[in-house]
Each structure stands twice: as structure tokens, then as C-alpha cells.
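Heads up, there are several structures right after this.
Here chain A shows up in two complexes: once beside chain B, once beside chain C.
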Partner chain A sequence: MAKVLIVDDAAFMRMMLKNILMKGGHEVIGEAENGLDAIEKYKNLQPEVVTMDITMPVMEGIEAVRHIKEFDPNAKILMCSAMGQQLMIIQAIEAGAIDFIVKPFQEERVLESVRKVLSN
Partner chain B sequence: MSFDYREVFIEELEEQLQLMDDEIMKLEQSDSEEVVQSLFRAAHTLKGSSAAMGFEEMKQLTHRMEQLLDQVRSRQRPVTAQLIDLLFLALDNLKLLKEDILRNDPSSTDISLCIEKLQTFAENSEVSRPTAASASDPGESGIAKLRLTMSDRLKVQQIQERGQHVFWVRVSIASDCLIKGARAYVIHSKMLEWGEVLLASPDLENLDESNEFSEITLLYGGTQSSEELSVLVSGLTDVESVNVEPIHPEETTLSQQPPAASEKSAGEEVQQTAKIKSQTIRVSVERLDHLMNLVGELVIDQTRIHQVERTQRRRVSDESVNELGHISDHLSRIIGDLQESVMKARMLPIEQLFNRFPRMIRDLSRDLGKEIDLVIEGQDTELDRTLIEEIADPLIHLIRNAIDHGIEGPDKRADAGKNRTGTLVIRAAHEDNQVVIYVQDDGAGIDPEKIKASAIKKGLVTPEEAEQFSEREAIELIFRPGFSTAAVVSDVSGRGVGMDIVRSNIEKLNGMIDIETKLGEGTCFKIKLPLTLAIIAGLQVKLQKQTLIIPMSNIAEIVRVTSGEIEIVRGQSVILLRNRVIPVVDIHDQFKADRTQQSRIPLVIVGSAEKRLALVVDELIGNQEIVIKSLGSYIGKVEGIAGATILGDGSVALILEISALFNRISGK
Partner chain C sequence: METLEAVTDIILETLLTSVRQVIPVPAAAQIPEVFQNSVAQSDIGVLVGFTGDLYGRIVIQGPSEVFGKIGETMFGMPLEGEMLHSFVGELANMVAGNTSTLMSSKGQTIDITPPTVMVGHLQLYGIEQGISVTVHLENAGEINIILLTQH
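Up next, the complex of A and B:
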């Protein structure tokens, strides 16, 4: 299916997402633990979809979305957010993210969103 | 499935809790934006993972913390002492919850009180939130009720003049959608890809999370037909149903006064922190232990090869022996490096442990009404992970003692002409292949007379014995089992764990504890620890044919004396060494070895705290790195023996446990 790059500062969240995505037949080709790392890995790995956490040290998700979109205007980025981050999601969408999923992750929802992002 | 994640979750939980601890302390010192941000992130991360793990209480608690911190972050709430206390309270509750999770007993801690406190606090001093413009009242989401401003009407007409369509699009959002505002925004931005959006309700510029709505209404203008639009929109995430209808001509007549346009909300600044994580992988301690064991085996084999090489060299001398020598030397270098690398992999900065102290000391000094400046030094000193865990309790005990019994109250200090604020220094350093930890206070010091009096009262020594004690010996009484000097046993120190336990814990780690004290000026405890537990430097000695090993960390010095220098005082053999009387102990009997007659007797002076003993041995062989092996389950624990090791010639040598020897002597 799709080659995915997972960005989240919590190894726990990355592990969860990875398992969900792999169950859905996707290939997780990389993991990044902050925005800066994500930009670097995006350039190197050229993933088809990026799942991007919002709150991260070093560089937050929204900033990373801006940079990735600058590098590749067609980048498909799915924000991972928690309750209470509405404004952040909106900023991320403004920056070019396509959609968002809400933690705690539900398997069907995540896969559904990835599918929709891909068909975009 | 949650079980697979548990370990990772707990590891991160511990990291985040420690981080919070530090940051709340920092916040108490100075209200910095960066600190608030980092605290907020920690609470946020925990909320996410605990929710995913199904730890409902932890989720609720972190959610409340996050809420409060968000208010602080957006400058709607000042940092007050009350806020700090509350954050600490919440943190403590989180720690309790963590303990519950570790014990697999998720329901034993009641956090409702804490949650209630957080909630009342957040509500009572209700802060002025920039309220959303009233124009976006979710109640009036009906299509017909949306009014078009004059410029909207103009736009609609322009679009229609271009031959495009204008539709009212009503979208129902799934009820289980979590962040509806953001969802509405995504739908809105999607629509922009297919045309223009002239109007939207609720007003997307001013959404806040409390807005509850299940429907959004948009005025679309573009090339799509109503069927096409309907299909496109219903394909979006969380869209339950779509209703598309053309705009009524009446709505676009240019005759009404437009209502005021809503103002834009300010974009939030995204904060960057400069903290960069070093590249690491997590490895379980078990694997490292296994590696260390293997290295230990190699060390043993290496000594054996070396031994073989030496015996061969004595017998023959040809190329092959030389080559064996080269190989053996090279091998020992490599094993040395390997051992060091594995050891380093097991080492952690002692920071991990020291980080716990500021909070503990803050709480303690508050409870006891003392003013204390904490100075922590050398927190990047590394030592074996197991040691860090094992040394925590003894250190905490020493620190408690220092604060409770050592440092005086501010008034008393002022009377004594000292600074009202006491200083507690906790310092770690590497000193000749050992780690030394100091716990030093500038308090009252230990009064030997008081100690003696107390020991007599407790029946630990007779008044006659006490009379004989030197100052140093008197102070050492604090290490006796059953001793506690506090006049009143406070609930801080002296809860049954005495200094004797501290000492025996340290000695179990092949360490030593020393004490230096000056009445009125303060006390300094010095703990010496080996760098690692698995491999130690040991002195090989002989008792007749038996080889024994004495851990180097216990050895103070080695002397040779003539038998005439050993005197008998009150039935005990002693020697006088630099004006100090040291008991002489002969362990030949214990090991069933015959005594050797020699003119100069080698004595190994071993130490435990300030005590010294001189061990009589027959021969000194040399010191060597040795791997400690347990005696195995058949034999179990033997009094006086710490374990065994395999020597170069393949024979087994016992390792002496010096602290047990001291106990035996003092028990006599």
C-alpha cells in the first residue's frame, strides 16, 4: 500500500501507529521524533504519507509541515492531534496538512484517513 | 494488545515524570515561557499515551494539568505559589498512579480529591478567555438564517454572472468526531479546492473547542454541479450527510446593511526549544548483564592463557611460545577494551538519581522549617546502573539525616553566627577508579559526648567502655545497630532505618562509608563505590595453599611487621600503626590452615567506615581484575564469603567479605 513516515516524540505513540499501519498493509519506512528529524527523513526517504504529531520538542509539527510543503508541495501529511489542539490543527491545515486524526488512535479511523489522504 | 506497549509506556512515563519534577521546580524559581512550554508538552504527551493505554485516571489528571498549564502558557494565569503546590500535588498523584500501574493494581489510588482541587482552582479564578464573536452562535445554523453581507451578495452575483453555481451546502458531522472545529476547518479548506467559500457557519475564524455543533453550513461558489459537490463532500472524513441546495435569488438582493465583519484571531506563535536528543537505542539491562557475564568469562580465560604461556616459557623457549605470548598480550588488550566498553554501556550519569533530590529537599526543608541551599555537583559522573539503584536508599537516608539532624533551624543558626540558610552539598566524582559521593552539610556537626551518652543510655556500650573511646570511635557508634541520636524521632529520619543499614547496604556494594565531622561546623559523609559490581580489583593472598581474594576497595594499606610488633592488649592482638591501635585478626583457624612461622608477617589492613582491621596472611601474590561469581545454589550464602572466582590456573578462589569480618569482631 503506502510508504509511511511516522513523526512523534513519544516512542510509545510511534509504536502504536506503526502497528496499526502495518496491520492495514502499509509500510512504515521511517520514524522521526521531532520536526527537524522529520524534514530530514522526508527528504531522504520520500514517503507517500507522513503522520505528524503536533507537540514535539526541537521543532513542532506545524513548523515541520511548512518546511516539508516548501520542499515538496505535493507532500501528503496527516496530523496527529489530541483533544484541545483545535487551533493547532487549523494552523497545520493552513500550512498544508491534508487531514488529521485524533488520539487515542482507533485503528479503523487511522486507516480510513490514510486511505483518503492517498486518494486525494 | 496493550500489554506489548506497557514497557515502553512505563519507561516514557518515568522520563516524563522526572521532567515534570525538574520543570515545576524551575517554574517555582522563575516563570519562564520555555519551562511552561516544556511542562505543558510533558502533560500533553502523558495524556495521550495514558488515554491510549486505557489508564483513565491518569488521563483525567494530566488533562487537568494540561488545562491549567495552557492558561499559564497563554498568560491568562500567573504563576503563584498555590499553582506550584497544586502542580506538585498532581505530580505526586501521577507518581502514585504509576506505582499502581507497576503493581498491576489500577484502582488503589484515589485521585478524585486531587482532580477536584485542580478543577476548583481552575474555575474559581476563572480567567478571561478571549470569547468567540457572538456571530457564530451554533444555534443558528439553519440555512435560511445565514445572512449575506453586502460584499457577499456582490460576490454571489459576480460568480453567477461567470456562469458558475452558488450552493448552500449543509454538512452533518459524525457525532463521534472528536475535534469538530478542526474537522469543519478541514472540510472548509477542501471546499476551497473545488471553488470558493463565501460564507461559513459556525464562523471558522473564531472557533473554540467548547463549541458544540453537529452541522456546518457553507456557501459555495464554483463550477461543480450540486450532484458532484454532494459526492465530493460526502467522501470526506467524519461527514455523515450532505445537503446541497441552490441559493435563493431573494437572498442576494442588494438592499440590506451588512453586519460587522468578525475580527481575525491572532495566530499562535510556535515555540522552538533547542533541546536536541542524542542518538540512542534502548537495550534491556538483561542483555547487558549477559554481555558482562560473557566478558567475565573471557577475562578468566585470558588469565588462564597467560598462565599457560608463563609455564610454557619456563619449560621451553621457541618461536611458538613467543607467539603465544604476543597473542596473549594482544588478547588481554582487546578484552580490556571490551570490558571497558561493556562497562560503559551499563553506566548512567548519576544525574538520574541526583535529580530526585531537589524536590525531596524542598519538601523536607519546608516541613521542618529549615532554609537550605542545595548544591549538586558532578551529576554527570557515571556509574553502573545497578549501583545507582542500590545507592539511592542509603543516600536518601543520609540526606534526610543531614536536613533533620545536621542543619539547624534558621534562628539557631543565626544565634551561632552562621548564615540563616544552611548549605547541603551533594557531590559525585571519579577518584582512582572509584566513584566517590559526598553528602556534606554545614550544620551542627556530631557531638561525640552526646553520642556516647546516648549509646550508654541505649545499652550499646557500658560507661567504662565509653570512657576508653577516642572521639572518632565515639562518632562511629552511630553505625551500631539500634542507634539513633534524635531526641525526638521525627517522621523524616529515624523511621527504623539506621545508619547501620546504610553502612551495610554500602558494603554490600563493595563500597565504604567514611564520616568527617566538626562540632558546630558540619558533617561530611563520603561514600566510595566501585565503578561496577561484576568485575572488581582484588588482592590475591595465600593462606598456606589456599588462595583468597580481598576486594581492593576494602584495603586501606599493606604492611609487614615482625612478630614482636604484635602486642596483646586485654586478650586481643593489636598493632600500633602511626599511633593508632588496630586489632590483628588471624583467619587461619577459620580456613583450617596451619600457621606459618615467618620473620616478617604481611598484614593487610582492611577498612570499614573508620574501623580498621589487620588481617594476617602468609603470602601476598598480587592484584588482579577478578570476576565475581556466586557460590551457586547448592552452597548458598556463606558467612564471610562474598563469592568466588576462577583463577588463571583454573582453581577456584574465595572472595572475602570484609564487612562480615568486622561484624564478627565486634560481636565477640
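Up next, the complex of A and C:
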């Protein structure tokens, strides 16, 4: 079980992820709707795992990962994006993300990724 | 150097492939129609811009009931009101993101903008030319996939 911060600009996607994570026994301690909001909430809530969207207004997800990793090098972040090209995955991993899920996703894939990120 | 027409054909084909990959129901696409000047909307639509090697916009529009059924098929729950609007935005994000992924394997780098969801009767202007394809989704209904490319 982990305390999770969900970052996505779509309320629908946050609801989907929240349902899946709760079913998997995790606790969603916060939600953010853009990268800037995510950095602030990360600092305030100190989640154990972050799910991070990429395409968002104000600040996109990969930049938010860089800022969060600067603040906390041990931050455990999994990307959850509709863009799955190699370059995007490489950039996210280089920024410090541990895993990458491409939308639309299966429930089990999300929970498996959280396990992977936690054991990292 | 490929012509704009050739590139537009590739994106349109890729866009329709993405619609089929993202929405897990049998889909039948009608013949694409070219139009000028404006796009009319009667219920719900969503616009995603793309930038990079190619510039343009993707619009997906249709009746709320159809989007509701797509949401129910994909995520097993009925959606309405703001959650339905948010789903329509996310659907376009997934289709455009998938298109961007597929285009990258064809050597084209395109990035996408967050979706803008448009609700109600409206008209979009500032369009030189566009291509519209009606896609019939089994047990859901019809949606329009519109591609606006820029010179």
C-alpha cells in the first residue's frame, strides 16, 4: 500500500486512476492538474508514489518530474501519458521517472507499475 | 520533400488508425470530405493542436450520447455532465497522443497540446481548409474526425 499523488489535467483520468489505485489498496492523498500544481502538492504532501501525465497546461509533466527530482532525488514517479513514442519515454526516464504507462491502459498494468516503482 | 497533400493523407490515415486503436469497437470510416472556411458543431467537440514537424489541429465531434457510450465501453461506467466533457477531452488526448506515437515511427516528430473541449452549438472560424471523416462506431453511433492542416 502506498500514498499516491495523481497528476493529470483531465478530471476523468484522475477519477479513473483513483478508482484503480483504491481497488489496489493504495491511498490517494492528493490530485494535481498541471505540473506546477504537482510540484507544490509533492512538497506539501510528500507522497510515496506519483502518477504523472505529460500533456498538461501551465507546465507539462516531464518538466515537473525534473523539478520534483531536484527537490527530492528519491521521488518515485511513474509516467502515465497518451504519447508513447521512444523519445518521450527516454526523456521521461532521463528526467527521473521510473516507469512509463501509455494511455489507454489496463487496470492491472497500473497496479503492476506502482509495485515496480515502489520496489525500485 | 513531400507535398502537404501527401503528408495530410498520411496523418489522416494515422489518425483513423489511432481512433481504431484507442476505441475498442468495430469502426467503419466513410469517404473523407474536404471543406473550407468553418466547422459547425451541434453538441460536443474537442480540439487538439499539434506542432513540431507538422502544424495543424484535430477536432473530434459528435452527440453526447455517442461519447457516453464510448466511455461506457472503454471504462465500464456511464458518464454525464462535467465528467463526460472531461472524458471527451481525454479521448482526444489519447487519439492525438497515439497519432503522435505512430507518426514518430514514420520519422515525423509531432507534439500535441492539451485538449480544448467545446460544448453546445457553435461555429469554428479561421479555417482555410479541412478534411472531415464520419466514423461509425458499432453500438455507439457516429462521430466526426476532422483534420485541419496549416500551410
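One rule holds for everything that comes next: the second predicted complex is superposed on the first by the 116 of 120 C-alpha atoms of A that agree within 3 Å, B and C clash if a C-alpha of one lies under 4 Å from a C-alpha of the other, contacts with A are read in each partner's own complex, and residues count from 1 in each chain.
Simple rule for what comes next: contacts are C-beta pairs under 8 Å (C-beta built on N, C-alpha and C of every residue); 3 or more make two chains touch, one makes a residue touch a chain.
Every value quoted in this text rests on a predicted model; they were computed, and no experiment measured them.
Considered on the superposed chain A, chain B and chain C are sterically incompatible, since they clash. Judged by the touch definition given at the top, the superposed model places A:Met22 against neither chain B nor chain C. By the touch criterion stated above, A:Ser113 is placed in contact with chain B alone, chain C being left untouched. In the superposition on chain A, contact is made by A:Ala82 with both chain B and chain C. Legend: residue contacts after superposition of the two complexes on their common chain; A:Lys103 is shown touching both chain B and chain C. Once chain A of one complex is fitted onto chain A of the other, the partner contacts of A:Glu33 are limited to chain B, with no touch recorded for chain C. Within chain A, the residues touched by chain B in the first complex and by chain C in the second are 9-13, 15-16, 55-57, 81-88, 102-104. Put simply, chain A touches chain C in their complex at residues 9-13, 15-16, 55-57, 81-88, 102-104. Against chain A, the residues of chain B that register as touching in their complex are 1, 4-5, 8-9, 12, 38, 40-41, 44-45, 47-49, 51-52, 63, 66-67, 70, 178-179, 181-182, 185-186, 189, 204, 207-209, 235-237, 265, 267-268, 270-277. The touching residues of chain A, counted against chain B in their complex, run 9-13, 15-16, 19, 33-34, 55-60, 62-63, 81-91, 93-94, 99-100, 102-105, 112-113, 116.
Those residues of chain C that touch chain A in the shared complex are 22, 74-75, 79, 82-83, 86-87, 89-90, 93-94, 96-98, 100-101, 104-105, 109, 111-115.
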